[in-house]
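After this come two complexes, each holding chain A, first together with chain B and then together with chain C.
Let's look at the complex of A and B:
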């Protein structure tokens, strides 16, 4: 086929997609960007300034230490997101890989895996509600369990107290999200030739060494996927917080997406809402770009 | 210095008996090949010696020490896997060093000592310039050598190899065959080698154990296996093309035993008549290599019609019907030097080397005498 005709053909096939991307992805992004710079007196960075320096607990991204009079939390939505990532990512990686590794040759493991994956299947609003139930002092499995153990101080409704609300949601998100990690790792382990582990066994490696020196490095690809996807999920987390605590009590579980929503739906301040959205998007781009560089592009080049 | 001894090994997977009462002794410094078709239990046997599988019955001894219940790491064996099992995240140097590195503390070795030993082994296998590469950057043959180096570095008692050459292309396989054999002899390490490739087994082994359906059918030197098969399975598994098997009947005439086969009848030599009676079903085995082909009639020769001619370069394989007169076809293959031209439909006369034929009991498949 002549080169010119081929180019034209490629363009014809690409055109519908490009039109869709343009109208439903690029235009809204650019629109949000423009709105974020629009203030009551012309264009400027005013929205960003006020969003970042906001101090009220239900909207603040970061609350400086000297303002927090009582015991924290709240620390501010951005800090909460970062704490979320810092706890959630390692726990999910560890649980997912360990469970996948332990369950790999067990009879009936697919049933366990299916149950674990249920957390991914149920709508997140339902998940959020379930988390609230789970940590309820009368109904919840965790407070009841702790009471039986004699730990009375933690046998309350976790989501009602600023000290425990955030950790309750993070633990709940572990429960919802481990199924994803487990599934990715199980697939990665499945594709790993058995001989890798057997060779290490013959060579004299202990189970501990096999796990950390052989299995963990060999499933690095899966780890990258799990880490990045979990980070992105944690950064844009909204639904489970919204239905379980609405960011409360006293802003103790506030997150970026909720701040954005509060500006948008409660304060009807679209400029600040857009500014928050842009900040959130920029932060999410860091793991996103890293992921594309590390995983998406190299494999595309191989082809 | 190591001998390996298997005593009455049985291994079942569910209802399938993978290994069925195997007894085998591997001598010190011997190159023993476990040969058989896929599913015959040879790999399972090897894995039992390695400790990757545990037998349901029987004992495994290495140097008179009962290792049946020991973990692989406590047996002092090294294994080369079919896919080499090189870790893609480690360099060649670290791959070879791996068995020592993970036991560095127990062995009391420093990193420098380990890397020095890696270099020694790498030199032996001529891969020292590859040490800084990752396995993904190596060719199949190079990966093979790295896997061998990793199996050598610990100076194990026994080398176990599971079809290590089967992932290489044909030419490289021929080359590695000789090299592996040379290396094994140089180091003097007891080696148990699993393969389904009879040519590989014949060319490398000191002794071959032919396996079928979980049992060892015959153990012997390559010569034994080739010239004196103890079972019709061995006869038909070894050789390219394998031994021709012709179904015959013994006939008692005038106090003499005759072998009556399609297209021929022949007196049975006195030496083995004591094992035979009249009216027995016998399988006559004739190697394609041990038949002379004549274009002219010859007394005692078998009349045969050429069906297909397969040229092989210096040799020809003739597919012949040795009972063209009767309605049925009895087809045998004959290998002959490509000195004359043959064409399909032509009648030729065959004279087998009767001193080299084998007789098998048709019922049990076992060799007679």
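Let's look at the complex of A and C:
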């Protein structure tokens, strides 16, 4: 097909999508960007300065007030997001890969995988409620189990206490997100030739060595996808926090998206809300660009 | 292989231009449709005139937001407003957004039913939306010159005033005579001398609720002094099967704030509540600190209060005897299986009770201002009588409603408050509003988890209080 005709055809097919992206993605992004610089005195970086230096526990991004006098938590919302990423990503990668590997040749594993995937299917608002009840001192599986084990100090409602609230939400999100990781790894392992593992076994490699030195490097692309998608999910996390703790107690589970919401819906301060959104978007770009460099661009170059 | 026929140069540009032309046609049609709808609205004739004059006598206890009246007094109401409202002769449909769903919606629909019976030409479409959702979506719609409803009902008076300041709300001063209402209630929606919201029925947060049968079974009595209160808590603690004497409800934090306000009013007097709202007294003031440290914090530390439990779940646990007392608003009367088994007591010595109303306002961009005014006026007056007759746990703000018209269990509450000469005070966090309100709720959740951090919490509440900034 001649190049010019092909270009035109592509343009025709792209036109509706471009129109939609322009109207519902680009225009709002540009609008948000402009609003983020709009202050009561005109245009400037005042909103960014206020947002970054804010010390109120419900809106602080980095350091809330009283952190020096009192022992954290809470930290700032951005720090909570980073903690979330630091715990959630490795746990999800490890659990997803391990489960996918162990369930590989097990009869009925598809049923287990489907059950695991349920966490991805249910709305996150419901997920947030389930997390709240999962860690409830009377109804929750975990506090009841810990009480049976005699660990009474942790047999309380985890979301009520600053020391346990954030970890409760992170553990809950592991349950919600492992289904995704498991599915990606299961698909990657399906495409892995069994002969590689058999050859390693013939060479005398132990199961542990096969897992870490053969399987793990061979599913590198799947790992990158899981890592990036999980990081992006963690950075923009909102619904489960909003439903289960609203960022509390005392701001101990506050996250950036919730700060943005608080500026928008409670303080009705659209400038600061937009500034928070821009900061969040810029931070989210880091794993996004890394993903494009590591996966998308090399794949395109191969073609 | 499938051969794709590609458009020629001319037909390519033809498609592009075609898309634009179709777009223009659709746009023009939409504009014409909208314009024609507006024309129809404007041409509705309205000639019927309704005037209303009320003369009633009733007994109420009053409180003002600027000062506190302690006496029960008889008020003779003579309505001075005779609003001239025009009822539409042709059918008009009003969209009303309000916060009530479930059973509460059913009770509100009884009010709507009576209104439409009176004004058959006005049809009402009721949409449920929480105050939070209203506050986050409507400002943008107002800024675009549009409104999703002709009448909006919300408990957040501060938000109505905020919208009024931006010019988004119709002035309804000629519809509301503040003298006909519980004093102070209209002040919350008054800005620059103009009234922007019509008060509807109100709830109260009168004290600790208990089951009469439970108290009878264990020989418990309402306390008359603080030491009797502590004695009662200790007695309850020893009852087998009781997890804690008082169950702490948890919503997004607000049930804890109600308890705190009750302690502040009891030990600091009703005026303290008002001074805290305006930051005439700061949260880290020694007087406030003492109330927290001497009365509330020891109770939390000694586990007289339960952990915060989702407040509707807490009702079930309390009703089933896992807890004996529950601090909650009067709406609880409509949420228990047998409201006749219900009674309450305030903390000994309490001279004030927090009460708050829902307010109806008319967005400036309504297409049916006359019909909307009729509905708002109805809600603010006789509509309240229909509502408080339902088991919604509310009392009227309009003095024109007789006590005998109120649902019986609420009559008991009303009488008990009147007998104790308790004044009705505005809700502290509802009055301050904005992001401070959620901060207040959240900091109190922290207090329940870590009562030793009381100083830090009170400092945070002071530093972030909008009225305290710069003081």
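Just so we're on the same page, the second predicted complex is superposed on the first by the 285 of 303 C-alpha atoms of A that agree within 3 Å, B and C clash if a C-alpha of one lies under 4 Å from a C-alpha of the other, contacts with A are read in each partner's own complex, and residues count from 1 in each chain.
Following the convention adopted for this analysis, contacts are C-beta pairs under 8 Å (C-beta built on N, C-alpha and C of every residue); 3 or more make two chains touch, one makes a residue touch a chain.
This one's a predicted model, so the numbers in the text were calculated from it and none came from an experiment.
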First, second, both or neither for A:193, with chain B first and chain C second: first
Which partner, chain B or chain C, touches more chain A residues: C
Touching partner for A:220 - first (chain B), second (chain C), both, neither: first
First, second, both or neither for A:203, with chain B first and chain C second: first
Contacts of A:288 with chain B and chain C, given as first, second, both or neither: neither
Which of chain B and chain C A:12 touches, first, second, both or neither: second
Partner chain(s) touched by A:266 [first = chain B, second = chain C, both, neither]: second
A:246 touches, of chain B and chain C: first, second, both or neither? second
Chain A residues contacted in one complex by chain B, in the other by chain C: none
Interfacial residue positions of chain A with respect to chain B in the complex: 193, 195-196, 198-206, 209, 213-214, 217-218, 220
Touching residues on chain C, where the partner in the complex is chain A: 4, 6-7, 12, 15-16, 19, 132, 135-136, 139, 162, 250, 252-253, 307-310, 434-435, 437-439, 441-443, 445-446, 448-450, 453, 456-457, 459-460, 463-464
Sites on chain A touched by chain C in the complex: 1, 5-6, 8-9, 12, 15, 56-59, 65-66, 69-70, 132, 137-138, 156-157, 160-162, 246-252, 262-268
Interfacial residue positions of chain B with respect to chain A in the complex: 50-52, 71-73, 77-79, 81-83, 85, 87-90, 98-99, 102-103, 150, 154, 160
